[in-house]
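Consider the two complexes below, in which chain A is the common component and chain B and chain C are the respective partners.
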Partner chain A sequence: MQLLLNEILSFFSFLLIGFSFSLIYHSTRFFHIAHAIIITSGAYFVFFFTNKFSIPFPVSVTLSILATAIIGVACEILVYRQMRKRNVPALAYLIASIGLYVVLQNCISLFFGDDTKIINTAEVTVGHQVFDAYITTIQIITIVVSIALFVAVNLFLHYTATGKSIRAVASNPELCNIYGISSNKIILIAFGIGSALAATAGILSAMDTNMTPTFGFNLLLYGVVAMIIGGVGSTRGLVAGALLIASAQHLAAYYIDTKWMDAVTYIILILFLIWKPLGFSGKRLKKVEV
Partner chain B sequence: MRKLKILITLSIIVFAFMGCNSCHQKTVVREKKIKIGIITPLTGDVATWGAMQKRATDLALEEINDSNITVIYEDDKADPSTGVSAMNKLINIDKVNMIVGSPASNVTLAIAPILNEKKVPLLSSGSTATKVGDAGPYIFRIMPSDEIQSLITVDWAIALGKKRVSVVYVQNAWGEGLKEAFLRDFPKKGGQIQEVYGVAPNSIDFKTILQKIKENTTDAIYAPLYPKEAGILVKQIKELGIESQVFGADVYDTPEFITAGGSASNGILYTTFGQYTGTEFEDFSRKYKERYGIEVENYAVYCYDAFKIAVEAINKSTHLDGENIRKSILQIKDYKGATGISNFDGNNNASGKTFDKKTIKEGKSVIIE
Partner chain C sequence: MEYILHLFILICFYTLLSQSLNLSAGFTGLISLAHAGFYGIGAYTTAILSTQFGFSFWLNIPLAMFISGAIAFIVSLIALRTVEDYFIICTLGIQVILFSIMNNWMDLTRGPLGIPGIPSISLLGFSLDSKISFLLLSLFFVAIIWFVLRNISKSGFGKTLTAISEDEIYSQSIGKNVYLSKTVSFTLSAMFAAIPGTLYAHYISYIDPTSFTVAESIFVLSIVIIGGLGNLTGSFLAAAFLVLLPEALRFVGMPDSIAANMRQIIYGLILVVVMMTGKNGVKELFTSKAKRIA
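Let's look at the complex of A and B:
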């Protein structure tokens, strides 16, 4: 039972991060590695607001999510959009993004130091008992918030005009421009929503397992693997991908050894790339995506 | 015209000799300059240790107050490959006489073969891993080996009646050394090993391993982990309602562990470098507090002594080459410093020192006994 619960927790964490990443990947078609620092900065903003200005916790969480969304949007306006104007090759985005990650991560290290910080100062207590397993309040909040955000953003993408435009830009940006949808504006919105989701995931994770300036990177990696396994652009595929690696990791840890947790994840990734390169969804990638 | 040519040639020769002469004088002056390289994690996962080392070394340097001594800090991020480039820079570009440093055993082990080959002595201020003792003739350390640390934990667990123990260790030279020593010695004293798990640095999810540990009756968990992971581990132990006693090791002795573990860090038992309480220690701890406004950390005391021993060895050495400095270190007898008396034994470990037993009470670390 505890094993199942651990799997579910990892699943939601991968899902939320994979989803926030795919939202951006979808509309821009490049790996926004700096997304890792967006996850991290969400948590560090909360630390900053509550400790420096003693703003009450709920308010500072809201402020942090907003601030992080602004950073994400700033990355797009100041870096990526300028690059798009100059029409640079696709690889340049990836490299710029890695650079951005290193710079921002070092900024966080400089301001806050490299040691562990905590934003959840409540006394550590035994979790709530569910059958023979234990779950903490933070973990319950993580599950509830993840489900709520996942459903809400999906509804937004499918049933509002802006949401539909995001999906339209994702499928063909040039055609959208012809039809009068500004792809730049839509990409900006995607960055805003994606970053806000990532910040939320970062804050939840930091409340559960503390934070250091590099903690976002590992989280992002699993999210990205889930996205690739699931098939780019498929929400259902993402859910399946996240479920598959969450289960594989915990089962490997339980039945083989913890050393295999990461290895199993990447073995699955390689197997998928060889035999099912398009993921669960099986949608064919367009040339521009590669 | 010919005369002029001869004159010019002669004057060039004379100038060349003068030039050479002056440059020769310069090298003589330079030889008196002593350069000591410090390799320590100034950034990265255990940056708090690097900060302690820098504070202690700066203070020691101020005390010695000798303008011929230059200290060059290099960051190793507690990562072996970064450590190797830091060391290459120190010995090839800065041409240091000696290196003091790294608390990270994996860094010390990575740079040891090159230092032995280049004959540059290294005095480690905190690498406790067992293997460091056999790392070569030029590798010294100022504390005893982890063999002793592990044995103290073994006896301690047995004395508390914790006969069934599971081990969760970090996968690096330090963690593996402690694990191996523990797995070897614990059954000899009548203990029983339940589960053994190696975890990668930066792991954050121990819930599944803990579940397995919980299913196998375990009286205690021996967890040589870095403070960041250890903090999360003790939190998750508490959250999962596991009541086994946790035993830790020397790196638990940092404020970071208490921050990371929160209230779950209370009651954890761990071993760490022994603290000496003589006048030399009192003196240093007072100066440290005056200078930095914080209580002296245990590791800082070892850094302070390591640096001072390095300076003393170099000063007493007849020549400034590695071989003579090495001999000079071996000749140090009963060096009285803030960590007590230092001598170097056959394996280049400082002999006669041991580890203290400590626990955490209400967010403060306290010595037991």
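Let's look at the complex of A and C:
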């Protein structure tokens, strides 16, 4: 039962991160690795605001989500947009984003130190008992917030003009420009929303466990793996991918050992790349096969 | 003096690593983030063989190269089904799996405890304990690998690799076996990466998994990109620059704890700037020639 509960928790965490990443990936078509630091910095901003300035907790969460979204948008304006203007090859974006990740991660390390930090919320509770498993308040909040955000952003993408434009840019940026939708503006919005979602996921995960300057990287990779397994461009696939990764990790933790969780995740990714390179949804992507 | 020699030895290691990665990343366009993993395989093979079975250095080098190459060959069968960013993510996955094996397979690698007591190299009865003799040995290997890679790049095979990196489908259309060339290039690159691994294990005499992380892979890739893809001299210069950078920062009075982070910030920034301008390596930032990568 506890196993199932933990699995559900990581499922929502992967889902939120995978979703925030795929939002950016759809509109730009490159792997924004620096997204990992967006996840991390969300959590560190909360730590910074609450501990240094003793701002009330809800306010500092809002502030840090805003600040993180600004960082995400800044990455796009200062780096990626300049690269699009120069029309550099596709791989250059990925490498530049790795560079950005290295820079920002070390800024956080310089500023906060490499040691493990804990966001101390009001009180440590024993947790509520559900059947024979324990769940803390934070974990309940994680589940509720993840579901709410996932549904809200999906509704936004499908039923508002801006949301529809994001999907339009994802499917064909050039045609959008012809029809008067500025793809640059839409990509900016995608970065903003994606970064805010990622910051939320980072804060929730840091509150549940703890944080180091590099904790976002692993989380992001799980999200990316979930996205690739699910098939790029499919929300249902993403849900299935996140579910598969979460189950596999916790089954591995239960039957083998917790230390093999990472390896199992990537073995699944590689198995998918061999037999089903297009993911669950089977949508054809020109990048997977030459 | 000892410390300066130590820095030179490190430059040799990173030159070997980045030049071997340059074979797959630079010549063939297979940007791999698994290089530290193969480096680690070389080091662990050496450590296990020499502590458990007492094998000598000259036996360890070919064995480490063979094992690293064999694993790279198996890996390439999977990873080469993907291209571009998917290939990078795939090699990143392989790097994590390799690290996870080094860190968790207690029976074989002793996990985070590492393997201590790796004997130093002996050559014709003389033990290469001093830094200067080890530096000479490393330089010898740098020279060999540099020579081999330069010849590969000039050979017909090297030209095929360059053709693949520029236009894969065209190379296929003129009858080149793209898949085979890529496999060979990736495997060779991993085999060469095992050499600095072996040297490192004998030099430090203690290895643990923290030397072979994703961050190390990113670092080696940065050296290659900063030096310029396909540019062997560039790899050497970039390796020397990045190894000596923390020393230079310390020289201007920056404390140790900050210097390490500053180095990463600086190479990250160089990486971003080089990629933003779409130039190949730092050298081209200052020239008008604009050869594009990939």
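The rule is short, and it goes like this: the second predicted complex is superposed on the first by the 279 of 290 C-alpha atoms of A that agree within 3 Å, B and C clash if a C-alpha of one lies under 4 Å from a C-alpha of the other, contacts with A are read in each partner's own complex, and residues count from 1 in each chain.
Keep in mind that, in the parts below, a residue touches a chain if its C-beta (ideal position, glycine included) is under 8 Å from a C-beta of that chain, and two chains touch if they have at least 3 such contacts.
All values reported here derive from a predicted model rather than from experimental measurement.
Engineer: Mind checking chain B and chain C on superposed chain A, clash or fit?
Structural biologist: Superposition check on chain A flags a clash between chain B and chain C.
Engineer: For A:Ile178, using the defined touch cut-off, is the partner it touches chain B, chain C, both, or neither? Pick first, second, both or neither.
Structural biologist: neither
Engineer: Report for A:Val79: first if it touches chain B alone, second if chain C alone, otherwise both or neither.
Structural biologist: After superposing on A, A:Val79 lies in contact with chain C but is clear of chain B.
Engineer: Touching A:Pro89, do we find chain B (first), chain C (second), both, or neither?
Structural biologist: The second partner, chain C, only.
Engineer: Touching A:Ala161 in the superposition: chain B (first), chain C (second), both, neither?
Structural biologist: Touch status of A:Ala161: no partner.
Engineer: Based on the superposed arrangement, let me know which partner A:Phe30 touches: chain B (first), chain C (second), both, or neither?
Structural biologist: second
Engineer: Output check: A:Ile98 vs chain B and chain C. Expected answer is one of first, second, both, neither. What do you get?
Structural biologist: In the superposition, A:Ile98 contacts chain C only.
Engineer: By residue count, which of the two partners contacts chain A more extensively, chain B or chain C?
Structural biologist: C
Engineer: Go through the superposed model and pick first if A:Val224 touches only chain B, second if only chain C, both, or neither.
Structural biologist: Only chain C; A:Val224 stays clear of chain B.
Engineer: Scan A:Asp262 for contacts with chain B and chain C and give back first, second, both or neither.
Structural biologist: Both: A:Asp262 reaches chain B and chain C.
Engineer: Which chain A residues are contacted by chain C in one complex and by chain B in the other?
Structural biologist: Correct list for chain A: 109, 257, 259, 262.
Engineer: Which of the residues in chain A end up touching chain B in this complex?
Structural biologist: Per the touch definition, chain A meets chain B at residues 2-3, 6, 9-10, 109, 113-118, 120-121, 123-127, 129, 134, 136, 205, 209-210, 212, 214-215, 218, 250, 253-254, 257-259, 262.
Engineer: Going by the contact rule at the top, pick out the chain B residues touching chain A in the complex.
Structural biologist: By the definition above, chain B touches chain A via 43-45, 47-48, 171, 197-200, 202-205, 207-209, 211-212, 214, 227-228, 231-232, 235, 238-241, 256, 259-264.
Engineer: Applying the document's contact rule, which stretches of chain C touch chain A when the two form their complex?
Structural biologist: Touch list, chain C to chain A: 31, 78, 81-86, 88-90, 92-94, 96-97, 100-101, 103-104, 168-169, 214, 218, 221-222, 225, 258, 261-262, 264-265, 267-272, 275-278, 292-294.
Engineer: State the interface residues of chain A toward chain C in the complex, per the touch definition above.
Structural biologist: 30-31, 79, 82-83, 86-96, 98-103, 105-107, 109-110, 217, 221, 224-225, 228, 257, 259-260, 262-263, 266-267, 269-270, 273-274, 277, 287-290
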